[in-house]
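The block underneath contains the structure these notes are about, expressed in structure tokens.
The first chain written gets the first letter, and so on, giving A, B, C and D; residue counts start at 1 in each chain.
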Amino acid sequence: MAERLDDAAIGAGLGELAGWSRVGDEIRKEFERAGFADAIAFVVRVGFLAEAANHHPDIDIRWRTVHVALTTHDVGGLSALDFELAARIDEVAS
Amino acid sequence: MAERLDDAAIGAGLGELAGWSRVGDEIRKEFERAGFADAIAFVVRVGFLAEAANHHPDIDIRWRTVHVALTTHDVGGLSALDFELAARIDEVAS
Amino acid sequence: MAERLDDAAIGAGLGELAGWSRVGDEIRKEFERAGFADAIAFVVRVGFLAEAANHHPDIDIRWRTVHVALTTHDVGGLSALDFELAARIDEVAS
Amino acid sequence: MAERLDDAAIGAGLGELAGWSRVGDEIRKEFERAGFADAIAFVVRVGFLAEAANHHPDIDIRWRTVHVALTTHDVGGLSALDFELAARIDEVAS
């Protein structure tokens, strides 16, 4: 079971990622792709990561920019699940 | 070139669709799918429609619910493009 | 661990499915979709099933027709995994 | 309208591509991706290229390897369409 991270742990988690920022109980990042088709293919790839983790980010598509937001509803905040999935999304985004 | 529709035309357009509502300069609809994977496959299908129309909706994925919002930035409001794409999205959603 | 099914079990398995046929050590089915974009969206949907089952069919796309072939390499033939995934694919195809 | 290319033109076309080979009336290439999910996302990306070109390759998915084959049925052989789409596929594959 995931545990709710405190501010220190969240800060440490963000320190190991690039481009993610905290907004309330979420961490967010924008991914700009070469075009709309690339954005959709990226969403598919992220979708597979989400299913594998059984943890589903909010995903907003704005033409070729994909906004990803992570939170853990079960703990009412951020958990290790969010930072693990963020790291995996960064891997496939590069 | 698309033309900006007036309120009467927007009302008429909405009258021919089901489940779409106007919010300011957009028309919006929520599509609930059987699960997350179905939602992603639906986004792919909508993505092909968007590319074919060269008109790209805002698409927000919230687990198995997909929010679609249409507007025509070039006219600063709603145009026939939005209502045509909305109708095509409804076709593939059913 | 999956077990290799004998001919009687394979026949019984096929009897519970519609449209699948045995070709050597595989079971196969063709899915015709409304168009190419529908075929691609279907492949995405099947892809999620495959990942969830950790069992990956051969998938051949021929415009709007998708050929799916299942076998279990580890047992050198057909196993229950193939019939379970076939049934799930049929569910999302309908 | 596409024209059927002769052997010299096909050879010249292949000379400008990397990794594609001629097999009868087709040109083919294998794309190995990092995993199955990457393969599916790649197929989506190629699908958008195919729709944009209104020219649809045969696409075979074998776990993380995607086989792409191009031909122009209308001319009973290879045409410039095949080489143009092959070049675009290479762009998104890199």
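Before moving on, here are some points about what is shown:
What we mean here is this: a residue touches a chain if its C-beta (ideal position, glycine included) is under 8 Å from a C-beta of that chain, and two chains touch if they have at least 3 such contacts.
Note that the structure is predicted; figures quoted are calculated from it, not measured.
The chain pair from B-D, A-B or B-C that repeats the A-D interface, sharing more than half of its contact pairs by residue number, is B-C.
When the C-beta pairs in contact are tallied for A-C and for B-C, the bigger tally goes to B-C. One simple way to say how far apart two chains are is to compare their mean CA positions; for chain B and chain C this gives 33 Å. Averaging Cα coordinates per chain places chain C and chain D 25 Å apart.
Among the residues of chain B, those in touch with two or more other chains are 37, 40, 44, 47-48, 51-52. Interface residues of chain C facing chain A in the complex, by the touch rule stated above, are 44, 47-48, 51-52.
By the touch criterion stated above, chain B contacts chain C in their complex at residues 37-38, 40-42, 44-45, 48-49, 52, 92.
Against chain A, in their complex, chain B makes its touches with residues 36-37, 40, 43-44, 47, 50-51, 56, 58-63.
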